[in-house]
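Two complexes come next, and they have one chain in common, chain A, joined by chain B in the first and chain C in the second.
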Partner chain A sequence: MFSKVEKYPALTLALIAVSFLIFGYSTSLPKITDFIIFCIFVIGFDLLYGHMGQLSFGHMLYLGAGAYGCGMFAYHVYPDPFLSLLVGVLVGAGLAAILGLVVVKTSHAAFALLNLALNEVGAYLVLSPLHTWTGGEDGLSLFFKSYGFINFSDRTFRFYFCLAALLLVVLLVVRLVRSPYGILLKSIKENETRVKFLGYNTYMYKYVTFIISGAIVGFSGALTSLNLAYCNTSLMAPSRNVEVIFAALMGGAGSVLGAVVGGTAFMTISNYLASYIVRWEMFLGVALLAFAFWFRKGIWGYARKL
Partner chain B sequence: MGEPILATSGVTKRFDGLVAVDDITYEVAEGETAGIIGPNGAGKSTFFNLLTGYFKPSQGQVYFRGRDVTVLPSYQRVMLGIARTFQLVSVFDSMTVMENMMLARVRQGPDYDSKLRFFFKNVHYKGLERECGEALETLGIAGKADTLTADMGYGEKRELEIAIALSLNPKILLLDEPFAGLSLVDIAHISEVIKKIKGKFTIVIIEHKISKLMDLVESLCVINEGALVCNGNPQEVICDAKVKACYWGKEDMVCY
Partner chain C sequence: MINFIQSILYGLTIGGILYIISIGLSLTFGAMGIVNFAHGLIYAVGAYALYSVATLLGANFLVGALAAVAVSIPLAYLIERFIIRRLYGQSIDYAIIATYAVLLIGADALKWFFGASPLPISDPVGELWYFGGLQMPAFRVIIIALSVLVFLGLSLFFKKTLVGKIVVAGLQDREAVRSLGIKVERYFAIVFVIGSALAALGGVLYAPLSTLDPYMGFEIIILCFAVVIVGGMGNLRGTAIAAFTLGMVHSLTAAYLVSSAADAMVYVVMAVVLIFRPIDAPA
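Take a look at the complex of A and B:
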């Protein structure tokens, strides 16, 4: 039954929108706004991991790049929310375009670790050498201009804005995945060498995918800055890379809806379980074991077969 | 026959001291169907890998229609018209048969040139599906279009791989042991297919049993221990003393 949902993008979008509206109004809008932004992060990450088959251990770098790109523009240049968002996306994509030239030449363990190493470098740069602009350990407190009802200090507006952003990203990725390029990604994941013998320059497409992923993750970072009205080093913390990997695994890698389900599931556990169990991370560890051994396809991977 | 379409001059491939291909100078004439035979481990597949750009030769050159393609990456050689299949069938198990075909076909069509369409157009549109369906039809596997490739038999996968290679608009088709691991029925079928497409473009077939090639090829080349032993008319080649020496005691040779 659920597999039908994936065939119709409109249905996918409607399902996501309705779920988050119900979820938002039955709990708390600011909390669910965090959920939504995290889902965008997972989608961007999963384009590389689930769709192209390369696990990055350092995508917090692009989240941070987007967050600081947006935040620093608003703080130092001009506090227009939309321009700041755009700068955040461009910084994420631009950084991916520069680093991707080298990163994409590696694969598997080297790919994962090289990304982590770059993430560490980025986190250090932001914390110390660039602290005059980034605010160092204190980060930056942000203020954004408002235009009539477009007011980012209004939590309801932020919720709807982020939900619209998520729907936009989902629509974009769904289109990408159903296109010839989507099939190409799938084939690169399975056997990159073979794809070259169909006449495709696989390096170029891996590079492009890396940039798209950087842009989406950068977008989620910029939204985080906008939503929290501050940005600090925790948005680039290398230790937080596990979160997105875990979310992608939990939801089911290689599916846009899987990423959304995984992102929501992860945020639910980390937000709500923490109030009942102090060391909630242990539960995450046990859950990861269960997923690794029995539910390789994740929650959505199983639900779609129902 | 005509001008050579693909030629090598003194190509050598070494792997850490092992000489897999040793100074082979070879050419295939445009339009002919050529065979390459030799015992297992003779270096036939490695030679193919040099022709298609899977490996770069340690020494020597590869020419396509007179152009030096020695350092050209494999994906560019494909676009020149050099298509190949693999000894161990290599198709994408995680995709359907139709998706496998589409991936190959799209690269040749107008949708590849328009990046907007390549990235955003839904791949399941009528024109492409029909085109791919026809390609599957020629190999007799059109009924399997929506099957997951992993669920197909080995012989069917081989047919799919040939259909994919054919849809790359090849000028020259390199088949690496197309009969290996197949049942007699499948061998007969693949053999029929090759006879059907023979003459439309150049074909080179690797095989280690001579008997399967005799009624398919116009020229035969024997490789042993990495070196070219003999090349020419099939009937003459199999009578050659050097060829007999390297195939000595093989049942196939006694037959002829």
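Take a look at the complex of A and C:
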């Protein structure tokens, strides 16, 4: 039954929209807004991990880049929310374009570790040498201009805006994954050497995907800044990389709906169950082991077969 | 000039500790193609074992060091048996995720038993040695000497003993060794335990220079991965050279640029090395 949902993008979008509306109005809108933004992050991460087959252990760097790009533009230049969002996306994509030149040349272990190392460098730069602009440890408190009903201090507006953003990202990524480009990406994941034999420049495809992923993750970072009205170093903390990896694994890597399911499931656990789970990291570790050893398809991988 | 020599000597201490910890990581990487984050846990457990025995029970530092190594061996065996062995021949991403999970579980367990606040361990020698205008804690000299001893010992081990020779051959061509009827994985497991014991020793040596905290494994493991990547995975001499070079980078950055930039500088060097010498993990 669920596998049919994936066949029709309109159905996918409707399912996501309706579930989040029900979820949002039955619990609390600000909380579900966080969920939605995290789902965008997972989709951007999974484009590399699930669809291209490269695990990045440092994608918090691009989340932070987007968040600080948006936040610093609003704080130092001009507090227009849309311009700030655009700057956030551009910073995420631009950073991916620069670092991707090196990062994409590596694969697997070196890819994961290089991303982690660059994340550490980024977190250090934001915390210490750039603290006059980034606010250092305290971060920046942000204010955004409002135009009539476009008012980012209004919770309901933020919820609908982020939901629309998620639907847009889902639509884009579903389109991308089903295009000839996406099929080639999948082939690179399966066997890169053979794709090279066919005459494709696999480096170029991987590089472009890396930039797209950086842009999507940067977008979710910028939305985070916009939603919280502040940005600080926790948005770039290397230790938080495990969250998005866990979410992607739990939902089921390599599927856009899986990323949304995983993002929602992770946020539900960390928001509603964390107060009952005394040893949070231990729980996270055991659950990660379970998904890495026994449930590699993730929740959506099993659910779609129902 | 004195300052410069001092920083070089401090760099040698950091390099020595990095070498002692990285060697196990490099072997696991080269031999089994597994990125082993759990190595950082064994390092942390080593330091905490030292703390429990030497500070809490009040025993001698040497007894504490022995206890650390003794604790690390069964722990390493358990990790090898139940985590690493399941990951042979699997996608490396699952190895990264599973061993990171072990590190998370272990760090949380340490936090559970010992609390989250940093714990100090005093310098066990507590003596300063003077060479001309130069002053150097004796403990740091011991660290440098120990790391050289470990290097010589491992060189002998891999050249002269049967186990060592099999492992070196296995690093070159695992299938060929297996076709001789040798169970390579069993020998890799022995080396895994030796590497882990060395990681615990690294924790013991580093603890008096810094403080203990449950997340200390996370910090060191990324530095060690940088060493392994710069030195070449499974390359024993390369690991030693990379460890001392990066130790030098670390200490000179701290002395002449900004002390908080030291870690970041090591990662920058690693990135630069990867530009000129792209590498892939063994399949």
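One rule holds for everything that comes next: the second predicted complex is superposed on the first by the 306 of 306 C-alpha atoms of A that agree within 3 Å, B and C clash if a C-alpha of one lies under 4 Å from a C-alpha of the other, contacts with A are read in each partner's own complex, and residues count from 1 in each chain.
As a convention for this text, a contact is a pair of C-beta atoms (placed from the backbone, for glycine too) under 8 Å apart; a residue touches a chain by one contact, two chains touch by 3 or more.
What you see is a predicted model; the values in this text were computed from it and never measured.
A.B. asks: I want to verify the contact counts: of chain B and chain C, which reaches more residues of chain A?
C.D. replies: C
A.B. asks: Should A:116 be classified as contacting the first partner (chain B), the second (chain C), both, or neither?
C.D. replies: Second partner only, chain C.
A.B. asks: Pick one for A:286: touches chain B only (first), chain C only (second), both, or neither.
C.D. replies: In the superposed model, A:286 contacts chain C only, not chain B.
A.B. asks: Could you say whether A:179 touches chain B, chain C, both of them, or neither, answering first, second, both or neither?
C.D. replies: First partner only, chain B.
A.B. asks: Per the contact definition in the header, classify A:76: touching chain B only (first), chain C only (second), both, or neither.
C.D. replies: neither
A.B. asks: Applying the document's definition of touch, where does A:155 land relative to chain B and chain C: first, second, both, or neither?
C.D. replies: neither
A.B. asks: First (chain B), second (chain C), both or neither: which does A:305 touch?
C.D. replies: So A:305 meets neither chain B nor chain C here.
A.B. asks: Output the chain A positions appearing in both contact lists, the one against chain B and the one against chain C.
C.D. replies: The overlap between the chain B and chain C interfaces on chain A is empty, containing no residue.
A.B. asks: Which stretch or stretches of chain C touch chain A in the complex?
C.D. replies: Counting only chain C, the residues touching chain A are 29, 33, 35, 83, 86, 92-94, 96-98, 100-105, 107-109, 111-112, 215, 218, 222, 225-226, 229, 233, 258, 260-261, 263-264, 267-268, 270-271, 274-275, 278-281.
A.B. asks: Hey, which residues of chain A end up touching chain B in the complex?
C.D. replies: Residue positions touching the partner: 175-176, 178-184, 186-187, 189-191, 193-202.
A.B. asks: Okay, in this complex, where on chain B does chain A touch?
C.D. replies: 52, 54, 73-76, 78-79, 83-84, 86, 90-95, 99, 102-104, 106-108, 111-112, 117-124, 164, 168
A.B. asks: Using the touch definition from the top, list the residues of chain A that touch chain C in their complex.
C.D. replies: Touch residues, chain A against chain C: 49, 55, 57, 102, 105-110, 112-114, 116-118, 120-121, 124-125, 128-129, 239, 242, 245, 249, 279-282, 284-286, 288-289, 291-293, 296.
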